[in-house]
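What follows is a pair of complexes built around chain A, which joins chain B in one and chain C in the other.
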Partner chain A sequence: MATFVDQVRELGLKQATIAKVDEAVERLTAGLNVNDIRDMLRGEEPRRPNPRLRPHADGFWLHIRPSFYHTEVTHIYPSFRLGWLSTFMFVWETITGIFLMVFYTPSPDVAYADIWNILGNVPLGQLMRNLHRFGAEVMVVVVALHMLRTFITGSYKQPRQFTWVTGMVLLVLTLILSFSGYLLPWDQLAYWAVTVAVSAAEATPGPPALGENINLLLRGAPVIGAGGLLRFYLLHVLLLPLLLAIFFFVHYYKVVIHGHSLPPGREAIGEDTAKRVPRDERTYFLPDIATSELMWSALTILFLVAGAIWFYNAPLERHANPLVTPLHVVAPWYLAWSQGWLKLADKVFIAFIFIPGLATAFFLMPYFEVGKSRRYADRRLGISVSMLFIALMWISNWMGSPEYLVQSSPDQEVAQELLPQEGHSALKEVPYDFLEPGTYTPFDAEDAPNPYLAAALEEFERAMQQRSCSLSDDGPYEPCQVMDQGDTVRYGNRFTNDAMPDPEAQLIIDDYQDNMRRLTLVFSAPDPQNPGNELYAYTRTGYRHEMSNYEEETRLLQ
Partner chain B sequence: MQTKIIIGTIAFMLTMIILGFIALNEPARLEAFSAAYEGRSIENGAEIFVNNCATCHGIDGTATQCFDATGAETGCVGLPLNNADLLCGNRPPRLDAMGWAGTKSDFIEGTIAAGRPWAGMPTWGQQFGGPLQSNELRDVALFVQNWESETLCGGEEVEGPVWPTRVSDLPAGNPENGANIYQVPLGCNACHGLVEDESTANGPGPWLGALAAEAADRKEGYTDADYIYESILLPNAHIAPECLIGGNPSDCPEPSTMLSNFGQRMTEQDMADIIAYILGVTEFESNVDVVYPEGSVAPPAEE
Partner chain C sequence: MAEAAVAEGGMTRREFLYYIWGASMALFTAEAAGLLIYFAIPRFREGQFGGAFPVPVDLLPGVNAPPTNFPDGRFWLVNLDTSSGEGSERMSPASDESEPIVGVLAIYKVCTHLGCIYDWNGANERFECPCHGSKYRLDGRRIEDPAPRSLDRFRVEALDANQEVLATADTAVIADTTTYAPLVLPDGTATIRVDTGGRLDGPSQPLLCELRDSCP
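On to the complex of A and B.
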């Protein structure tokens, strides 16, 4: 082997350097020299023997990727690239998560302050947090869509049944990853959503010791505190990503071994020709698929960055307080369906029989759904059932929201809409300078001193209309439906069975400190049966500091 | 394939441009965020204050108007917080008076956390067994300090005495009215108990029932009315020798934990009525001048 110095003597310095660089590139890419790369980018035919297959055979990074795909599966349909996108999102979450890990300590004493620090002191900290949280929600959606696509194209059928099973494991791991991360900011939103969900563990059937110990295992203590936060953190950054990586590799290995399933109409029924790809229907990974993946990476990153800046804002409520439960605690949206079901039936039945039963059915579905055909026309029942199931999940998600079955008294509900203990409301969208001190009723929107306050008062009126009724015909609200139940009389309207009859409602804005205003909502409704008494009497006070920028956070296109 | 390369490159460039714009705006955003979240802390502090502290300190922190749980007016037993003595500047006078070498916010937060058990203030901090978390303590401290303002601290210094130097220059006192305002709104009974009933004097202030007989002997050259007049206006001028709390001698803390703003909360008639109530006479004799310090901000309340 000629040494570099010999080459220089022979070819001159410039030529020798070029040759050396070429050699280095060929080593790094496990088989492609500079000319090969140039040919790839120019769209030219490869030389023989085809060097573009060598990175797959000899290199580490591409050894698990197929060296060619069937051309039919390289378009958007049938896969919509959702499997690829799921993997991308996992890598994205890992990278953004590592950035956040640098600034976060999983202890209740400092976790919230760390998040505050990330958002308020670390340059681009808010962007990083939004990217991570937005990415998590996108990942849940993408993984679910991938599952739906796999079902619809029948790609779970023989020989790919176990791929489906590992995919289901990945789905469950994704949900638990998202859930474990939910607790980490240690604000009211995180703490109570997780407390409610984990309390299902206490309902474990069997001896009480079992439920107690499972509870302790999850929380590290009878209530979620330092131990619980640390356990959730370790789950979130160590155990679950590790398990996800392991199952991902099994899943992807099986995808490659069996080959990507072709569009259903392409094959004869019952046949699986994915691995037998004719030469003229091959699309090689290098350069076509690689370029495609790089382009989609760039587009996805652009989408995530733009979304995290302009459309998405990760919330931060007040510091977690185990002594104060906010009204309307709700699970994260991807688990709201379970909260909806829990409102319908017994905790033990839902958490330990119904949901596990459903999950088992999903896991084992390829082993009992053994129809030979993957074609849509032959699977009308299955596809209809899946659409029905999706509709059911949408409805279940809505049932998990506070609007369903868990409303408190109407005065408190109106107050919660306008002056919630946590979160946004129409009143918070009014900038501080436009909160003119004064006393306002729900019908003052036209006389409001400015359009912001007018919009808030319109929301006030709308909320009152939904939960109030008028006993006389010419009152401002819907007529009351009087329900005489013997010893109590209830009043309802078109929307609800629990309405305030002829209520007086006021919003009082006054100055409390030089740069802080106080907003007081006062409700009173006399008892028509008992004129001296009040059926509803409720006051809620909120405060608004000049610098609090709630109105910016609620804006779309921030 | 060329199209893909072009699209990918443009997308990447757009991402970099967006990130560039965001990075340029970051310092301003960080500032605004910190201010916004400090504002939210103050709002939270306001809520905690109104729910826990206003019954003793008054809803506006001046300890002039306090209401109990039923809504009836009651005496304010807490010290005024919304005043220049505690809030103005980096080293307000109260810190030196209390011998505190640290910062103003540490003083306020520490007092809330630990309370003043000898003076009737509960312990609030969870680290000492109270109900509030450390972030809540911080929020309340921020809220209290938010009362600092131009109007509070920019007050003009009032030259010379604002109260009559001689107690004999006060109008004639009305003991019956004095008995009423002794409780509401001045709240003297909260610390000193009722004058008629020694068993109600459970501290931290000495029972005043015996004062009528002893007041003239407390300070050299002072008449009884002089002594009481000075003690109300300037609580630190003299600490009772055996400060009786519930009949037991105990060490009374210096400086006095008696509120120092009675001079701002009472009219001249109020003062006369209270002294009349304690001494049982309507006219007072005076031997000495009692001078309300120069530089005090507020004169007696308007009639």
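On to the complex of A and C.
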């Protein structure tokens, strides 16, 4: 082997350097020299033997990727790129998550302040948090759609049943991963969602000590505190991503081994031709698939960044308070169905029989649906059942909302709409300077001193109209429907059967201190059956500081 | 070869030793997993999360009046007397309660369903949980699902002005569950002491809404 010095003597410095660079490129790419790469970029046919296959054989990064795909599966249909997108989202979450970890300490003393520091002080911190949180929700959607697509095209049928099983593991891990991140900001939203989820573990069937110890393992103490936060943090940043990565490789290996399934109509019933690709139907990974994946990466990043800037803001509620569960507390939307089901029946049945039973059915589905045909026309029953299931999940998600079975009394519900314990409202968004001190009724919107307050009062009137009724025909509210239930009399209107009869409601704004205004909502309604008795008497108070910058926060977090 | 001589289906010594070796490794792995779980169970001192909370008797709510909130001790204090007829909209005996319910109870603030903190709703005259909608009467008996049992109770003691214990809440068996009975305060009670280290589960009585036929 000639040394570089010998080559310089023989070829001259320039040619020798070019040859050396060429050699280095060929080593780095595990087989492609500069000319091979330029051939690809020019769209020319490869030389023989095809050097574009060598990175798959000799290189680490491409050895798990197929060197060519069936052209049929490179179109949007049938895969919609959802499996690839799931992988992309996992990488995306890892990267944005590591950046957030730089500014985060998993301790109840500082975690919440760390989030505000990320939001208000760290350059691009809010964007990074939004990207991570938005990415998490997109990942849940993408993974769920990927499963749905696989089911609808029948791609989980023989020989790909086990691929589906590993996919189910990945779906469950994705949900747990997303949920375990929920606790980390240490706000009310986080604290109570996780408290409920972990408490469900205590209902584990068997001896009580079993459930208690599972609960202790997760909480790190009898109640969630420093130990629990640290445990969830380690699950979120270490154990679950590691498990997910392992199962991802099992899953993807199976995908490559069996080949990407063709659209159901493209092969004869019962045949699987994914691994027998005729030469003229091959699309090679280099350069076509690689280029396409780069383009998809760019588009996905554009979507995520645009979404996180203009359309999505990660919520942040007040600091976790173990002594107060806020009214209208809800699970994250992708688990709202479980909150709905838990309202209905015994928690042991829901959490340890119904949901695991359903999950097991999903795991084993490909072993039960053994019909040879993947074609839609031959799977009408299965596809119809899956659509019904999706409808059931929509309804269950609605059942998870506060509207279902956890409505409070009408006075508190109106107060909740205007001065909610957590989150935003029309009244909370009135800027400090426009909170003109005075006493307002729900019907004062037209006479309001400024349009901000007018908007809030309109909301006040709307909320009162929904939950109030008038006993006389000329009252300001809907006429009352009186329901005599023996020992009690209830009042309803067109919207609800729990309405306040002839209520008085006021919003009082006063100067509480220098630079601080107090908002007070006062509700009262005398008992029509027993005058002198108050059927409703409720007051809710909120405070606003001139310097609290709440309008700014509202814009930040809305 | 030695294996070839073994009858079909028989086991060579080598194969047998492999099984024994594998079984011992499986056993060891199971033991190690058990130890890891044992390792991960948090350590905390017994009684770290309970304590004795003295409450002056004048902070006690009136008979069948709305409850008083003691967030530090995580309990509500209620003062019950179903024979008095006062506050019957909040506290009246159900059809399966023949004995009057009289005395003071300290009720644990945590919902028996999934650990949320329920709150007293003045308009509806009952405790309501914001998470899954369990409802409880003033004395903690469950009105509506999905709570698996009535609210848990803490031990209550009555102390005189010299901090001498005058009376301690008895336990009572309701619906096969041992829980604290309401404590009737003896004359001369100056302070009520609530021991949140001593908690007993609430009983799983029938839902009140079923007895009243008013379940949603």
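To be clear about the criterion, the second predicted complex is superposed on the first by the 544 of 558 C-alpha atoms of A that agree within 3 Å, B and C clash if a C-alpha of one lies under 4 Å from a C-alpha of the other, contacts with A are read in each partner's own complex, and residues count from 1 in each chain.
By definition in this document, a residue touches a chain if its C-beta (ideal position, glycine included) is under 8 Å from a C-beta of that chain, and two chains touch if they have at least 3 such contacts.
Here the structure is a predicted model, which is why all the values come from computation and not from measurement.
S.K.: Between chain B and chain C, positioned on chain A by superposition, is the outcome a clash or a fit?
M.R.: fit
S.K.: Where does A:Thr195 make contact in the superposed view: on chain B (first), on chain C (second), on both, or on neither?
M.R.: In the superposed model, A:Thr195 contacts chain C only, not chain B.
S.K.: Check whether A:Ser472 is in contact with chain B, with chain C, with both or with neither, and answer first, second, both or neither.
M.R.: Once the two structures are laid over each other on A, A:Ser472 reaches no partner at all.
S.K.: Could you look at A:Leu119 and tell me whether it touches chain B, chain C, both or neither (first, second, both, neither)?
M.R.: first
S.K.: After lining up the shared chain so the two structures overlap, which partner does A:Gln339 touch, if you call chain B first and chain C second: first, second, both or neither?
M.R.: second
S.K.: Which partner chains sit in contact with A:Leu323 here, chain B, chain C, both or neither? Use first/second/both/neither.
M.R.: Both partners, chain B and chain C.
S.K.: Could you say whether A:Gly227 touches chain B, chain C, both of them, or neither, answering first, second, both or neither?
M.R.: second
S.K.: Report for A:Thr3: first if it touches chain B alone, second if chain C alone, otherwise both or neither.
M.R.: Neither partner.
S.K.: In the combined three-chain superposition, what is the angle centred on chain A between chain B and chain C, taking C-alpha centres, to the nearest 10 degrees?
M.R.: 60
S.K.: When the two complexes are placed on top of each other via chain A, what is the minimal CA separation of chain B and chain C in Å?
M.R.: 6
S.K.: Which chain A residues contact chain B in one complex and chain C in the other?
M.R.: Residues common to the chain A contacts of chain C and of chain B are 323, listed in rising order.
S.K.: Name, in rising order, each residue of chain A that touches chain C in their complex.
M.R.: Those residues of chain A that touch chain C are 192, 195-196, 198-200, 202-203, 213, 216-217, 219-223, 227, 322-329, 339, 342-347, 402, 405-406, 408-412, 485, 488, 535-538.
S.K.: In the complex formed with chain B, which residues of chain A make contact?
M.R.: The touching residues are 41, 43, 109, 112-113, 116, 119-121, 123-124, 126-127, 287-288, 291-292, 294-295, 297-299, 301-302, 305-306, 309, 318-319, 321, 323, 512-516, 518, 541-549.
S.K.: So in the complex, the part of chain B that touches chain A is made up of which residues?
M.R.: For chain B paired with chain A, touching residues are 1-2, 4-5, 7-9, 11-12, 14-15, 18-19, 22-23, 26-27, 29-30, 32-40, 42-44, 46-47, 50, 131, 133-136, 146-147, 149, 151.
S.K.: Where on chain C is chain A touching in the complex?
M.R.: 37, 40-42, 44, 49, 71, 74, 89, 109, 113-119, 121-124, 128-133, 145-146, 148, 214, 216
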